[in-house]
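Pasting the structures in now, so scroll down.
The two complexes that follow have subunit A in common; it is paired with subunit B in the first and with subunit C in the second.
Up next is the complex of A and B:
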């Protein structure tokens, strides 16, 4: 009997015991879920202050969103006005309904924040530079998908907040030259936000966009690994020295196909299995001594990050419920009518000019973000070498924050500039 | 197969492939455009002329229109949809202007933009009298702001 159990166990787990180095490597290498990790990681890269684990936290928030989202789908019908009644049910009838909805809501907000902070971290550490340029581009698309998911999810409760945020949001899109109007009709499946729009947003929110974001996330993680794992912490960078370029992976007589930083340095990994030299960062012998096995060092930290993220969202959801206003009423626009907070910067711009603020500025912003790794020709990652880049990006971040803060706290009825400490009597008109 | 035949067939195949993909994409796009809109009609009867008072305009919430009735000039119908981003504007009798709650656009009594980001004046719709003596508004027919129906 014991033999049968052992045989069964060994048919699942084929690695050596974890007490051996080979076992630790094989745990990673023979496991489809873990093998996106390297077998060994640089100790320095595990430091919290290098990445703040923002990528992991974003991913964990997404997992929370997937699970709570699927749970919520069991009680939701995507047509008005049942959609709103279902929200009421979730709030007052369904067991743990308010809690699950709050978790979904706060995790969504958290994901928008963490994606943005993750982007800032990657910029400030210069981690988008060669060979990681394309992964930055994928990251920008993931940011856009995150925003799209938030936006489509925002309509589903079918309350006043949802209805008018989407009315304003989709009308911004219709200012796009030539195709704007048709694009809006295609998105809404009609001429105004109605049943067709709710169904389309639902399909986008639960099927199309999650599929896209999962596919791109896979590519994103894969590229992190193929580009040499996490970038070296900035404080570990050596003073710049002239880099010699060597040819990798091509026979001597043929012109170099790919070049990379050279050297006598070694790369690590399971060399018995992976042949050829990877194109990514190499490590010096002393750094290799600084490397540790992913199991348990990296996995332990990831597990902590997962637990902190989940506990954090659960704790917030216990105390703060997701808002729900009255049933959507196309005849009555709330005053002021505001988009979700992360679009309030956009709405602030739009309040000055719909075309410039709503279409040109955001389009430029996206294009500039996408192109950053290609027009930043400075190869150095050290902060002292990239003062200009850091300043420009900081201005970009601060400008966005100011616009959002103004839109959120300083805009009252009729979009008038009213500081938050001044009390306005509602319905004073 | 010689080179000429290969290139000919290859080109033809490539063209056929592109055409196939193009037609399929077009079909998908067309599929996403509804053939029937289950939306409120654009042209609708709003009631008898006598139902509407003189002076302050009547707001019809479902239709998103303001019906003006003037003792001397007759009927006029203004759209309540802000030309900026589609919020519903409110008419204030006190200052006789339309105010948009979303981005603070202000329109005069004739619908012209007086303040704010709105790019165009509010629309005025054609209003006619039907055979059974009711008012009919056609939202597909935009008329100048001085258009009036005398009853």
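Up next is the complex of A and C:
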């Protein structure tokens, strides 16, 4: 009987015991989900203070969003006013409905924040530099997709908050010369936010955008792996004492495929394993000392990052429910009507100049972000070598934050500058 | 590197599990379940044997709801208010008490929120009673609940709610439409009132507002009309009844209650007395209507009102195109009408109208109905304060013919006008003459001007 169980288990995992190095390697190679990892990682790759695991956390938030989102789809009809009634049903009669919706909501906000922080981290560590330039570009597109997902999801509850945030948000887009108005019409399926807009946003939110973001995420991960694995502070590494390469995991008589100075980020060269040929990896002896098996060191850390993300979102959702205002009413404009918080910086700019703030500034921002790895010719990743870059980027980040904070907390009725601690009595007309 | 990673992972997994358990626990102990348990205990007290007691107590908790597609509502109030249609619960404590005196308005057909307000979808007390942010219609208090009758009964008298009739009458005669739109007709100086009853404004606020607009809404251009407290209450009722809800035919068919009083009103409006007599008083070209309901069945009478020619070929009675409840109201009036009624109706009619008088009458009606009276006064006296306008108030219309020709006044009504400023540097006066050409026909405008001029001559004579 035990034999049968063992055989069954073996038919699933098909690897040697994890106590052996071969088993640890095979755990990675033979598993479709894990094989994006290298069998061994550098210790510095796992340093929390270098990456803060923000990429992982973002990905896990996305997984939470996917899971809760599919569950929510079972209760949602994308046409007004049923959409709003479904929100109420989730709140009052669906078992664990408020929890589900809160998880989706908070994870969505969390993902926007984490994507942005992840981008900052990548910039500050100079991880977008050769050979990872294009992965940065993909990352910028992932940021834009995340914002679009959050924005399209914002409309779905069909309450006043949703309705007016999307009305304001799409109005900002319509300031683009020539095509702006038509783009808005295409997105909304009409001149104003209505039934057609809700359906389009729903389709974008549950089908189009998730597909795109999954595809791009795959490419993003794949390239991280191909470009040398997770980022690490290379400038802190001791300069390698020897240029000699050693071959590990293979009979000594087989010569390395390539000789020459080893790239400090190069950790792969293992594809031959699938065909049963010996594993060999070209690394410097110092690096070999630094490397550990992904199992358990990397996997447990990732699992801990996952659990921290999940428990964090669950704990927040247990105590704070997702907001829901009254049914969308096109005849009643709240004062002030505000876009979702991550677009409030834009709205703040638009309040000063529609064309500059609504079109030129965001377009420039995206173009500059995309161009960073190609414009920055400085090949050093050492912070002391790139003071200018760090300063400029910090100014960009702080300016964004200030604009968002001002737009969120300091703007009252009529977009007047009112500090949040001053209580404004809502005018009764 | 041999670390505590697995332990940390295990601890976090345990925490995650605990959170899931907490979430499930939170979801499985809603307050309505406690409420239902209390109700079952109350019910079990009345059971004679232990067996039936246990059976009652074993009833599984479930959400009760009334789906009202015709009212576009789902009311879950009966999840907690379990005794609402159970007369044995007459003396039970709230929320289980029986709702007496509902008449035809049974909960299974009408739900609760159409009258009481509140959030029917909710299953928690505060949310259900609408005493939460972002719910526009919290429960109405005892003082104001009768205003809800006007949500369905939009015309004619509502028995027991004279305030609604009075409120409607005040609205149409005091010139409210001059500034406020209602169902698309009216000015735009004040807010649109079409959905006022669905706005979150407390009844107390509304009532206070009618008595002293500036006390509750600083800087509001709404003048103080010096309403009495009864009038303010009536207007508040009317405001609370204003909603723009789509209603199913079943509910909208009762827009008008076929009361004898309303029948009498119709009888006067349609000038029935010109052809018919009641008990010998009135004209003789049609049959006397005294006791007509005893001679014919209600169905026959109804048919007669729909299509006189079909029932009595060659009948000279015109087709009045009355709706079902209006015909029922007329029949109800005829059942009780006496010669005395006819006498009163006749004496109230006064002399026959000449076409000129009719035009002036129509102008007078329009003057009140479209809200001119709101600013210029029901007696054309003007005098509403309008800061920084020339003279500081809305002009009186009693002497317009001294300064203007009829055509000039017609142009002002048509195109509107901003009042001339007292001080050029001062603020814009809150009140102004709106343009009326989109709302009033040329005929309406001419009639109003005729009415104004009729008032002029009288005032000159009196000098």
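Remarks
One rule holds for everything that comes next: the second predicted complex is superposed on the first by the 369 of 429 C-alpha atoms of A that agree within 3 Å, B and C clash if a C-alpha of one lies under 4 Å from a C-alpha of the other, contacts with A are read in each partner's own complex, and residues count from 1 in each chain.
Following the convention adopted for this analysis, a residue touches a chain if its C-beta (ideal position, glycine included) is under 8 Å from a C-beta of that chain, and two chains touch if they have at least 3 such contacts.
Given the structure is predicted, the values throughout are model-derived calculations rather than measurements.
After superposition onto subunit A, the modelled positions of subunit B and subunit C overlap sterically.
In the superposition on chain A, contact of A:225 is made with neither subunit B nor subunit C.
Once chain A of one complex is fitted onto chain A of the other, the partner contacts of A:172 are limited to subunit B, with no touch recorded for subunit C.
After overlaying the two complexes on the shared chain, residue contacts for A:330 are found with subunit B alone; subunit C is out of touch.
When both complexes are overlaid on chain A, the residue A:186 reaches subunit B alone and has no touch with subunit C.
Of 63-71, 81-89, 99-107 or 117-125, the segment of subunit B running into subunit C after the two structures are fitted on chain A is 63-71. Looking at subunit A, you'll find residues 331, 429 touch subunit B in one structure and subunit C in the other.
Of all residues in subunit A, those touching subunit B in their complex are 164, 167-168, 171-172, 185-186, 189-192, 194-196, 330-337, 347, 350-355, 413-416, 429. Residue ranges of subunit B in contact with subunit A, taken from their complex: 29, 32-34, 37-39, 61-62, 64, 84-88, 90, 92, 99-104, 116-117, 119. Within the complex, the subunit C residues that touch subunit A are 1, 5-6, 8-9, 12-13, 15-16, 19-20, 22-24, 26-28, 63, 74, 76, 119, 121-124, 127, 133-136, 190-192, 195, 201, 205, 216-217, 220. The touching residues of subunit A, counted against subunit C in their complex, run 43, 85, 88-89, 91-93, 95-99, 159-160, 292, 296-297, 300-301, 303-304, 307-308, 310-311, 314-315, 317-318, 324-326, 331, 427-429.
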